[in-house]
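Two complexes are shown next, each including chain A; its partner changes from chain B in the first to chain C in the second.
Now for the complex of A and B:
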């Protein structure tokens, strides 16, 4: 009996192997734009996203476009599981038409051949001038005739701070990272922490490196270069390592209730974060309403004007969508129309990547949670200071996981941030080699 | 094909052997049975094939492929790579560390959990305990809580600042690198003790009461009956729960995955299954498939060795 079972198993395996071979041979190169013709009749599109309140924005579109109906599916944020679903769906051939993809994940999806090049779709190439320059650079990968997604929002970074606590304790608002370290000591003396160091969301650290002028990846067309240990990154890592060593920053895992609680109870005083972070604080620390304000991020040299970027995402059309024309049309409306951008800002504090969006009345008004400060004016300044040169690698999920494993160890007192970046460097090169992605070793 | 052909020759062979006695009738009955057997086995067979054999076959197939591409954004093609992925598996330090970690986990947690399950089952079965129905339900209730929910709940209980027992958790950090494995062990034990208890308890109920009577006549007390009559008789049930637990330990995923967001000490390669999950999210499905196959083989060897070991002991 046992032998027979083995025979059956082998036979099944062989059949699977054969059918597998038959289906997997059809991948083709995508340097040219994909065909993009309108469909006839009523079109139904699916759109997977994690942006809160996206349903309300899409409802505006559905009402105005009875022939192109969009159905919203929601999931966890990208690295929280939605990207993995996308990759699985792409492999299975049942991906949604449209998906929310952060800029840092676009190279990963392109390398897995998951994105439709929308350059041939109506109005897409012309939309270039509608968007803030660096965001367009993220979706066209520096190629004139390519558009792999439509930019949605940006995450220019500034410093949220507890205006009341700084004032009550007579501590000056830091404008340089040196002053920030000094202020950290003063805040610690009162029993609080100046900020929380993000141990598992590596995007914040990437934003710090971006501000300092570092880059982690280069792509010369033939080969990738990975550089997680360049002098700039090492300088930023050493700075935060020092604050961690001296117990001047808290290290609650980000996006947990523990983390919310530290802000809600006034234990953590500042947060260097992106425009969309305004939403995170307001929902995570409701008891501190009215006490917050926003200032430019501290600079490495007094008088510098540099900002980093944390997150921001795009709307991509997946390979295999039968209606790229309609999907591109919707994506352009979603990310450039005043009505859509106003609603997305209202429901999710998204900071538009479209230039026209920066002039929206909603982005000029004072925000009650921030003491009626017109906080988006600060983010507008920051947005103009974001360097366009920062490039993401093609295996960011892996890079984040490896660096995060090391950062977690570092905040627990085992190893340093610098060592974590070294491991991240080695593992990223290995992960790229494992998929035959050409990389300098 | 070959299997069913073998089956029919087998049937013919046995039919030929019996044909000398009552030829026509026996053959008719045999055919009727075959149809019935097929009808009963088919639903299982189809599902077993579709959701067990085919996925395993597909995983093995994927694990033998490597990806080739030209240029920084070139399209990927999967080509046969032999055992390339398996070489990477055996060179992967974090994967083997994670296996070591769950083995250590299993060596400590499984005996504690099964010890408690056995103790509770014996207590439920003893005539000394009152309120049996209540306790049987109370012990079993944690198993009805989904594993992820249980992990989140315990995560909050362990949390240094938010825990209702913060007087304890502020001083002892259960989520630290030294303790988090045992914090997870506690969650797993809490969830599965009741389940294992029920398996052992139902084995106890199957023991004929005459044996207890005989033992009592021989002067055995309750403790002596438990030790010398009950435990030896329910040994097969205990072995069964032990094998389930060993498999469960090697496949730990939900609890560490939930604890990853609470604790600095749970890495993306904390358990073997978490390593598989992390690798597949790169996405590097070929390497993830090779990890899975190696893990499956390791699980099989471990459970099989345990079974052989206990059977040999019983034979003695």
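Now for the complex of A and C:
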């Protein structure tokens, strides 16, 4: 028996030691761009993405560029495992050349020193004007001579609403959040809910804060500042807490059957969501086809023109890639060329971050589900109104988890959204300290 | 074979299986109706508990998307199961079929070879006396306690060193190892393969390998089938190792493929249908394997109990 215990202890110790080396962080404040020279001869690149059908787009590139062949690798979405795989691969030294990373995860890869600064690569700095302004802010972290990824898609937010129900009940389409609250009472009087508050997907709330002009993180080059409880965030939280308290919004967990059903049966009337949400409604609420329309998000002050953003991702080149020049060239083509953007929109409903992409014929046409309204025109307007100042922190997975725990409790009557954000604030600072990321306490 | 005796003096101090010692207990002649009814209720509740999710899956997979949300989740609407299957199989040039094939290769091949290895190991540990035998066995026992999930990341780093990540072998090779199989095979071999029989085979001129494959394996079949089943199910359901090792979609097993799809249903809603139907189809091979092999398995559980 004694021998067995020793054997077990040894095995466990070995496991712990091996697992242990996968987690450690390094921060480095350098802003110098990495060297970026063309390679000679034929180059093979690997590109990991979870966008279905990416192969078809890449095939166009491979055909036109026999000397730079790209191989697509895939997996679950970022937080579903692909980000962890990237970190494992960076550790093992076999990361792909290129990878898809959502904006909110980029700072994490940045502080772990996993990204190549592409600023020295041909044409990358000049590409700034090709992209919607705020998306560029997401990939250069506000540093002039830095570009850590090429923006791919975006999720500018607007308001999907049931045009038929608002009309039939003589309720005006709200253009400010005050009007929205008033309309909420009127809608509730008819038995419905004006919208659903996303209790578990914190990105929607982040989008509201983004629109209101708040930002949760700041990085002055040396240290991070976390501010989940600034006055703007608190204002937004108090607004939604009030609607929840008065039972004016439903709180179904997003993407569930109840959630779909609430829209399909006409119990929920609006959804403040991103461009890609157009398909979520169309598939979740098929019985309501033709009844929906899209308007700009309600504003905090009448006459303002501000929008939030929900989601979106970029194409990054990992540290350790032997061919950053070619990788950057491919990433620019992938995210700016008409042929690529058209294909990505067709196969995966991507809403482009490139300005030229907003003019694609597919994004100019009327959509039958929305009564033939050219809804993407609204999103193009919204995209231009998104503030470039919102930045994400380096530990978003943890922040999301902590805040969504609090939000879930708040919608069931325990605590408030503001309290949840306070907890998120404390835990985020603690998590960053634990990873030795410099942060103002 | 006249030397065969049932009561063999076994060398070593292996763990004696309980069932071979159990005397034939006089069965209770009359169970009270209350006890019988109670047992039936408990079994009924558990059967329901285990079958309802599968029933739900079957019903959900047979609906089209608009009916999925709007009709009773536990009863059929328009029956479009076959149409759905057709769509799934057609999606992205039949990548789903490729995943099923991969799973069959990983699980079938891995379980087969893994069972042979485990059987040989267990047999050797039970029937040969050599220094360090108990130590080896204890290390293997320790292996039973280490969850496979905990080993996935170390394995990834090791496979990275030899550039084998993202290959068939990166999932297949680790699947060949089954500490529990070794344990079971040892216990079973020491209980059911008499030393006298091996001795007789040796006297008749059979080499050790031949003795193992022609004599001992036959007596160990029930245990080996059990090991095979366990190993097959474990590999089929193994998700974490492929998740960490594989990037190439054409290498995915069905579990990882469905998971990857499921992680994108928010933005590509049609994938939700495919995940449901795919999940339903992916349990069919497991059911078939169980139905085919349960005969051997049942024999295995009772064999040796009434010597």
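Here is the rule we go by: the second predicted complex is superposed on the first by the 404 of 441 C-alpha atoms of A that agree within 3 Å, B and C clash if a C-alpha of one lies under 4 Å from a C-alpha of the other, contacts with A are read in each partner's own complex, and residues count from 1 in each chain.
Everything below uses one rule, namely that a contact is a pair of C-beta atoms (placed from the backbone, for glycine too) under 8 Å apart; a residue touches a chain by one contact, two chains touch by 3 or more.
As the structure is a computational prediction, the values presented were derived from the model and not from experiment.
Participant: If you stack the two complexes on chain A, which partner ends up touching A:52: first (chain B), second (chain C), both, or neither?
Facilitator: Once the two structures are laid over each other on A, A:52 reaches chain C alone.
Participant: Considering only touches as defined above, state whether A:373 meets chain B (first), chain C (second), both or neither.
Facilitator: neither
Participant: Between chain B (first) and chain C (second), which does A:411 come into contact with in this model arrangement: first, second, both, or neither?
Facilitator: After superposition on chain A, A:411 lies in contact with chain B alone.
Participant: Can A:91 be said to touch chain B (first), chain C (second), both, or neither?
Facilitator: In the superposed model, A:91 contacts both chain B and chain C.
Participant: Look at A:286 in the shared chain and tell me whether it touches chain B only, chain C only, both, or neither; answer first, second, both or neither.
Facilitator: Once the two structures are laid over each other on A, A:286 reaches chain C alone.
Participant: In the overlaid three-chain picture, which partner chain does A:348 touch, first (chain B) or second (chain C), both, or neither?
Facilitator: second
Participant: So in the superposed three-chain picture, is A:255 touching just chain B, just chain C, both, or none of them (first/second/both/neither)?
Facilitator: both
Participant: Would you check which partner chain A:186 touches, where first means chain B only, second means chain C only, and both and neither mean what they say?
Facilitator: neither
Participant: So, does A:224 touch the first partner chain B, the second partner chain C, both, or neither?
Facilitator: Once the two structures are laid over each other on A, A:224 reaches chain B alone.
Participant: So which positions on chain A get touched by both chain B and chain C?
Facilitator: Residues common to the chain A contacts of chain C and of chain B are 4, 7-8, 11-12, 14-15, 84, 88, 91, 255, 257, 261, listed in rising order.
Participant: Can you list the residues on chain A that touch chain B in the complex?
Facilitator: Against chain B, the touching part of chain A is residues 4, 7-9, 11-17, 20, 24-25, 27-30, 83-84, 87-88, 91, 107, 110-113, 141, 199-200, 219, 221-224, 251, 253, 255-258, 261-262, 394-395, 397-398, 401-402, 404-405, 408-409, 411-412, 414, 431, 434-438.
Participant: For a test of understanding, state which residues of chain A touch chain C in their complex under the given definition.
Facilitator: Those in contact with chain C are residues 3-4, 7-8, 10-12, 14-15, 18-19, 21-22, 46, 48, 50, 52-53, 73-77, 80-81, 84-85, 88-89, 91-94, 96, 255, 257, 260-261, 264-265, 276, 279-280, 282-287, 348-349.
Participant: Of all residues in chain B, which touch chain A in the complex?
Facilitator: My answer: residues 1-3, 6, 49, 53-54, 56-58, 60-62, 66-69, 71-78, 88, 156, 159-162, 176-177, 260-269, 278, 280-285, 287.
Participant: Under the stated contact criterion, what part of chain C meets chain A in this complex?
Facilitator: For chain C paired with chain A, touching residues are 65-66, 69-70, 73, 92, 134-135, 138-139, 141-143, 145-146, 150-151, 153-154, 156-157, 160-161, 163, 165-166, 243-244, 246-249, 256, 259-272.
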